[in-house]
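Beneath this line is the structure, given in structure tokens, with notes to follow.
As written, the chain order gives the labels A, B, C and D, with residue 1 at the start of each chain.
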Amino acid sequence: MYADFRHRMPLRVRWAEVDKQGVVFNAHYLLYCDVCVTEYWRAVGLHYPDDFVAQGHDLFVRKSTVEYFSAAYYDDELEICGRIAQLGNSSMRFVVEIYRRRQYEAVLITAELIYVYTELASRTAQQIPNEMRARIRVFETTVPEDETDANRAG
Amino acid sequence: MYADFRHRMPLRVRWAEVDKQGVVFNAHYLLYCDVCVTEYWRAVGLHYPDDFVAQGHDLFVRKSTVEYFSAAYYDDELEICGRIAQLGNSSMRFVVEIYRRRQYEAVLITAELIYVYTELASRTAQQIPNEMRARIRVFETTVPEDETDANRAG
Amino acid sequence: MYADFRHRMPLRVRWAEVDKQGVVFNAHYLLYCDVCVTEYWRAVGLHYPDDFVAQGHDLFVRKSTVEYFSAAYYDDELEICGRIAQLGNSSMRFVVEIYRRRQYEAVLITAELIYVYTELASRTAQQIPNEMRARIRVFETTVPEDETDANRAG
Amino acid sequence: MYADFRHRMPLRVRWAEVDKQGVVFNAHYLLYCDVCVTEYWRAVGLHYPDDFVAQGHDLFVRKSTVEYFSAAYYDDELEICGRIAQLGNSSMRFVVEIYRRRQYEAVLITAELIYVYTELASRTAQQIPNEMRARIRVFETTVPEDETDANRAG
């Protein structure tokens, strides 16, 4: 629900993002999630991807899930809400909820993205650095730590 | 696996679909799935969306899940494979697997889309017509029928 | 130049809009222009497309020209500046200039879009209504009137 | 006109490329042009961008112009026709015409793209290599040579 999120950003639906049915094309919600994630890192104090690549790492999406409850329309003013709901060993679960502005009782879209912190040279999963964990924890007041989650997600 | 699919279509990765990392942007795989679904209906003998809308119905995506195993690159020749893996009462589960051409042992991407057959006027889920079921069954030699699946998926 | 524009809007370059060269893909600048035009109509006091379609009309692009002087990069904060530079009988010439924020001496991209005010039923060009002309004139302090322009552009 | 083109490629309009008006969004025609250019180089015997970048060069779009005569619709089978109409010193003028398949008397869209052959290190225009000119000439039976064109276009 809306109150769960500290990170929220406005987004106006563009003409080119709406299909013949007059609704946002289903794949574009993942694009909205991506924009939300970029802004999330900025809010946390990191710049994607420079601050990751500079360390020889990057984040790769391992799995994405979107549930479509209600459509967004052309010119809608949306709010894209994102948070890291779970920090594994090498993976993180990013949760997104999309609302129409000022209508926060009814979620339009929920999404979940599993990212894996990866070493670019070896293309292998690496432990998320403690400094990054700390930053996320400071930003998100409550992030459940579950080291076993890493096995499931990444 | 590749042999599971009767419906397969070639797709060449476009320059504009590849991001700064040189790989297909994660949301675009759902676009590829959508192209595959359109061609699937044509293969089955239906034209999307006309043959659905003419009956006052349409298919809406209720949930999409994508798992990313390996990246597709610019100019790759892919094969997008799609099938209806489950026919519920009002919903259908469409499964997609994406391969690099001639490398069918390693799947790059798997996806699952739950579609709900919906009456446009009332925006409510409707029973998938028998004629459509029959067409799909003829095309897919084995589609497990599971009426209870509708409750779970749609 | 930047000072020519009353209508300016910020736009942050998205990850998915940047290609393998690390720059915004050339076609996406027309998308940015489109977003700018939508916001232009709002600034002028009209809602696109409802206020046009309600009258049985719409605006169709007849010609677009983009000149690429310097590239925009991922995460750049751009300013998209748009104005109607010429009002013909049935056509209007919309000029766009794109700058990187706070670097207004060097334009990245210039574009020109010729729109034709069209009756939907007959698909024929129609005279732009006086009320719309008046609104645009009020917004743009100086719009050169050139009735002969309509022949050239639309 | 259709007969002017040796290079022609089929392209099926995707659902996501069509807007609320049911027609291909205006910016997407530049995407189609880009796909056509990629396939053009393949037809000529070059692989874009590898064969260019390997020499420390790349092609950058300097100007694009699109004229919209008639719309393409969802699921239309188009033919995208492209040719190099002019070879300057460092620039080339690429002309595209888009037809609906089997309706070659009425062009839907015409486009012109000016590319500049650029040295990546210095970001300066360079003379198009003779070997590339020869390849293009062999492919296009008649390409007017106009060295002065380079000044105008690039």
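Before moving on, here are some points about what is shown:
Assume a contact is a pair of C-beta atoms (placed from the backbone, for glycine too) under 8 Å apart; a residue touches a chain by one contact, two chains touch by 3 or more.
These figures come from a predicted structure and were not determined experimentally.
Across A-C and A-B, it is A-B that has more C-beta pairs touching. Of all chains, the one whose mean C-alpha position sits at the greatest distance from that of chain A is D.
Centroids built from CA atoms put chain C at 37 Å from chain B.
Centre to centre, using the average C-alpha position, chain A and chain B are separated by 24 Å. For the pair chain A and chain C, the distance between C-alpha centroids works out to 32 Å. Looking at chain D, one finds that residues 15-16, 20, 25, 27-28, 31, 34 touch two or more other chains. If you sketch which chains touch which, every chain touches every other chain without exception. Only residues 20-21, 25-28, 30-31, 34, 49, 58, 60-68 of chain D touch chain C when the two sit together in their complex.
Partner chain A is touched in their complex by these residues of chain D: 15-16, 18-20, 22, 25, 27-28, 74.
Chain B makes touch with chain D in their complex at residues 14-16, 31, 34-35, 38, 47, 75.
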